[in-house]
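Pasting the structures here.
Both complexes below contain subunit A, partnered by subunit B and then by subunit C.
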Partner chain A sequence: MTSARPYLYLAPTLAVLAAFTYFPLARLAELSLHAPGIGTSLGPWIGFSAYSTLFANPLFWRVAGQTLLYVFASVPIAMAVALALALLLDQPLRGVGVFRVLYYTPVVMPTVAVAALALWMFNANGGIIDYLLHAIGIGPVPWLVDGAWALPTLMIVAVWKNVGYYMIIYLAGLQSLPRAVLDAARLDGARPIARFFTITLPLLRPTTFFLAVVALIGSFQVFDFVNLMTQGGPSNATNVLVYFAYQNGFEYVQLGMAAAISLVMFAMVLMILGALAWAFNR
Partner chain B sequence: MIEPALRFAGVGKSYGSARILEDLDLEIAEGEFFVLLGPSGCGKTTLLRMTAGLQTIDRGEIYLRGAPLSPIPPERRNIAMVFQDYALYPHMTVYGNMAFGLRRHGHDKTETDARVRRTAALLGIEPLLDRRPHQISGGQQQRVALGRAIARDPVLYLMDEPLSNLDAQVRASVRTEIKELQRRLGVTTLYVTHDQVEAMTLGDRMAVLNDGAIQQAGRPIDIYREPANEFVARFLATPRLNLLEGTLEHSNGSIVVRTPVGAFAWTQPPRSLPATAKVRVGMRPEEIKISFDVAAAGASLPIRLIETLGSQVLVFADFDGGELTVSIPADAMPHDAQRIAIVPSGSIVHVFDHAGGAALGHFVAGGEG
Partner chain C sequence: MIRRCASYAVLVAGLIPLLLPFYWMALTSLKPKREVFTAVPQWWPAHPAWDNYRSAWVAEPFAGFFFNSIVVTASIVALQLALASLAAFALSRFEFRGRSLIFWIIVAALIVPVQITFIANFMTLAHLGLLNTYAALVAPYAASAFGTFLLRQAFAAVPRQLEDAARLDGCSGLAFLWHVLLPLSRPTVLAFALVAVVTHWNDYFWPLIVTNNNAVRTLPIGLGMFVGQEVTTDWNLLMAASIFVSAPMLLLFFLMQRYFVQSQLRTGIRG
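Presenting the complex of A and B:
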């Protein structure tokens, strides 16, 4: 029975996953196909009508578009900034440990605190950001009150909060690079910038892939900053899929619709991750 | 005077207060295969990396064809290095690995292609050009690393223990290959190793390093025959140097070196021998003559252990105060031997200062005095 043994060892993990991931997922799918019931019971079968209602709603498309914009703008920017910081903090500088801690601080700050801080800093009435920009002749910028500025403002806050985490991962990646390979590239005549693009960046590929996956999933699920800072406003300019699902489920008590939104989003994440994996393993 | 290809002038290195390289001077001629031999931590790799520009020079200067190296960054030194763990670019093909340095040095596609293919042909790695490093064996990877250096056609090769990650058989064949290639290409080579066989077989000349200082430099055979001190003698002995306490007895012009295993006649000792009577005597296993005709000899030593290496046999014999290792041809070994007698005449003896370890002289012993 040796061949059964590995499956036996896998069983506990699979059981936990089944109970807390796959079963809820199936229930979610079931929920999206039924009319609202009373309590935890299901209403009558309505097929895919929740989905057709959803897809007919122009707000859904706007929210989905804003979510994708948020993800595909903030993730690459945060990763690029993180890599740049990691390259700097990989140098043998005096007091480099202090800087590593400083850049990591936002990661360990509670999201609520960061949101409160950001609300104060980006305040339209005398926020410190506008104050500083004014000193160099810019602004005032209508950060959170203007529809065109609100989503970028959330992105700035999210990048600021996450960049330290990505930086630490990149730093670990940089420090595990084979030094001799970089030395060899130097003796082969590659100057710093060429060395970065021809050696360092390609060798960091596994780290970049890992970070891209984690960052994409994480930023798709953005909710905290929206809920704490804008509640999706002004006039849905910062409404994103998770917040949209939350509104439908808990404000409008449309659990079936919320389930449908969640599953559509789940499918989107899966497709994007699939494309990402394909691109990285080519 | 012809400017040497590579010249170390008072080159030193410290980490904090620890001096890891004493200020050393060394000249390496154009086209020479020069080996730096020493135990780990002796500073030989530091010296190599300083030459490459991967570590800074704290004191002194290194000159390549007369030009000081320290103002030139490693990217522009026209030096190629072969690393211990090959350091191939894992994300590039063998072709890409060899072409990388050429493209960086401004060769166009046609020239690069021609050089890569010529070098691949030279090393017999043409079939591997499209493979990645992880798809080929260690010996092949080492050949690619050599190819990467050769294709660039630099003025100097630096090799940092390039054979130590290979298994014994591959090592021997790649060693021969490196020697042949270097002869053919005539490029000055600085080669670092802790393996005395590599040093002896590869080097036109070599330097033995210990504790950040050169112990002795010269042709391998000269260093082998006349080690400058106890350390060098010990380092160039396989499996180990027999070190004995000895005394010098002067008698009408010649000297007798008395040791616990016998007395050796030094018929033509140098005039400048110090007056001290106490010395240390070094004898390599293969330099000791022995006889199994114990009855004819006055004294003999009991055999404790015999190790057969194939063509050679190692005989371990006990004497009062220690153990003597002797190496003899396997066919000279009687299988029922219990004891050996040392035959002084023809044995080679190295005499070292008892305190400092500096060599006082080397001689082939005459008949017993």
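Presenting the complex of A and C:
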């Protein structure tokens, strides 16, 4: 017998998700298919013309390309560093707990504080990073002022902030691996590097998949560092999709265009997640 | 032995890029203005200027922002815990039509972040006249797909026999949730609450969308405005402000670090 109670318990959660997660997707579609109205009302139906304008705009393609570059460069790098750290921290070393805590610390920092600190450290005028690089004969590097360097600089900041989170997830994965298999490989005399590639890494596949999904979704959302450190500049070199939608919506007051950008980005995320799921479940 | 030494060497070397920024932030926050820009960096504050913290605190209405952050974060976390407990209770301890469909509807929300829906949510709240209110800051986060998922896993692990025994003692329904399920799931509840506190205390994006008035602005927005004004001038004050905005989370983290780590271990992603 089914009573009404479980539905009652689920109702508040479902109502909030409907109102602020699922209904907005439909609302975005509606907005993108209508001309701007007055206030929050809709103008006349314009079909897909917002999308054709968007796809004809070279800036959109540049922004989309930069977003993909940001995601597909920073996520694998951060994951590789995190895995290396997790392997080190999975050993029975004295003081390993202290290292785990320290490496996780940047994760709990507000992005705004990290952005403020990064602006100061990477500053062309008195920044400590250029000073230290100069001491070993490098630089000065035009971190945030040069179009070629600005996006990589944001990636460095993001990797610093996120690597501890990825590290803990890999550590959780490592600690749940069957010890018997790993011990057997060690007794067989397999070399550490061979053991890692033939046993540990394949066994970690579910963790790697989960982490890749979380990291991809998270990295596509990059906005805070862009808004606080570069405002998309210099000359759009760090403009990314969320920032582009924000600009269109709130600076140019083109809500329909902003909605179209958000939905295109959502479609991109879904396609990449689909490809990832396919690649990992093959 | 050699391997152990090498591991330590790598771990310690890694701490340099990790901790140097924290040191530089603290150091700069204590430097008087004339020591901020020096040809050779000063690695120790010769004349620690504690007054920087006071100057930064009053440079913006940070006291009000602090209060707003506490109200908003506490409301969000309380609502998320309440709603997620109820939903997880239903999903873990009841048989009903559409259970797995509803479970997937909730989990799928994880791939639709507010960074995608913000234009629509902004318009909804503007239409309701709720911009620049606590309600606008809290409402979209009142439910948590992640929290529901975590609590469902924890509740499902409580054995059936315990439920039957509790029922014989007259403890069923919400009483069972409150007196048995939640206390038994304490580590998961705590871990989720901590992650939620950090996430929403630090949130910059959504408050930026729905506030443009100091009366409801939160700390990250206040610090963000300070970034916009102070850049290239008073780095010592900006670093001091960054520290007092971050300090509550750093303190919480160092006091409760065991649970932060556990929250990751409990997400059910084991291989």
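As a working rule, the second predicted complex is superposed on the first by the 266 of 282 C-alpha atoms of A that agree within 3 Å, B and C clash if a C-alpha of one lies under 4 Å from a C-alpha of the other, contacts with A are read in each partner's own complex, and residues count from 1 in each chain.
Following the convention adopted for this analysis, a residue touches a chain if its C-beta (ideal position, glycine included) is under 8 Å from a C-beta of that chain, and two chains touch if they have at least 3 such contacts.
Quick caveat: nothing in here was measured; it's all calculated off a predicted structure.
Trainee: Judging by the criteria at the top, classify the pair subunit B and subunit C on subunit A as clash or fit.
Mentor: Subunit B and subunit C fit side by side in the superposed model.
Trainee: Answer with first, second, both or neither: which of subunit B and subunit C does A:Asp224 touch in the superposed model?
Mentor: Only subunit C is touched by A:Asp224; subunit B is not.
Trainee: For A:Leu203, decide between first (touching subunit B), second (touching subunit C), both and neither.
Mentor: both
Trainee: Counting only touches as set out at the top, which of subunit B and subunit C does A:Asn281 meet: first, second, both, neither?
Mentor: Neither subunit B nor subunit C is touched by A:Asn281.
Trainee: After superposition on the shared chain, which partner residues are touched by A:Arg100: those of subunit B (first), subunit C (second), both, or neither?
Mentor: second
Trainee: Here's one for you: vertex at subunit A, rays to subunit B and subunit C, all C-alpha centres; what's the angle to the nearest 10 degrees?
Mentor: About 80 degrees, rounded to the nearest 10.
Trainee: For A:Arg191 in the superposed arrangement: first (subunit B), second (subunit C), both or neither?
Mentor: The answer is first: A:Arg191 touches subunit B but not subunit C.
Trainee: Residues of subunit A touched by subunit B versus by subunit C: which partner has the larger set?
Mentor: Partner touching more subunit A residues in the overlay: C.
Trainee: Check the residue A:Ser235 against both partner chains and state whether it touches subunit B (first), subunit C (second), both, or neither.
Mentor: neither
Trainee: How far apart, in whole Å, are the nearest Cα atoms of subunit B and subunit C in the superposition?
Mentor: So the smallest C-alpha to C-alpha spacing between these two chains is 10 Å.
Trainee: Considering only the contact definition stated at the top, list the common interface residues of subunit A for subunit B and subunit C.
Mentor: After superposing on chain A, subunit A residues 203, 205 contact both subunit B and subunit C.
Trainee: Which stretch or stretches of subunit C touch subunit A in the complex?
Mentor: Residues in contact with subunit A: 4, 7-8, 10-11, 14-15, 17-22, 24-25, 28, 36-37, 41, 82-84, 86-87, 89-91, 94-97, 99, 102, 105-106, 109-124, 126-127, 139-140, 142-143, 145, 148, 173, 198, 201-202, 204-205, 208-209, 219-220, 223-224, 226-227, 231-232, 235, 238-239, 241-243, 245-246, 249-250, 252-254, 257, 260-261, 264-265, 267, 269-271.
Trainee: In their shared complex, at which residues does subunit B touch subunit A?
Mentor: 52-54, 73-77, 79-81, 83-85, 87-91, 100-101, 104-105, 148, 152
Trainee: Could you please specify the touching residues of subunit A with respect to subunit B in the complex?
Mentor: Going through subunit A, the ones touching subunit B are 178, 180-181, 183-191, 194, 198-199, 202-203, 205.
Trainee: Name, in rising order, each residue of subunit A that touches subunit C in their complex.
Mentor: Those in contact with subunit C are residues 2-3, 5-7, 9-10, 12-17, 19-25, 27-28, 31, 39-40, 85, 88-89, 91, 93, 99-106, 108-113, 115-121, 123, 125-126, 128, 131, 160, 165, 168-169, 171-173, 175-177, 203-207, 210, 217, 220-221, 223-224, 227-228, 242, 245-246, 249-250, 255, 258-259, 262-263, 265-266, 269-270, 273.
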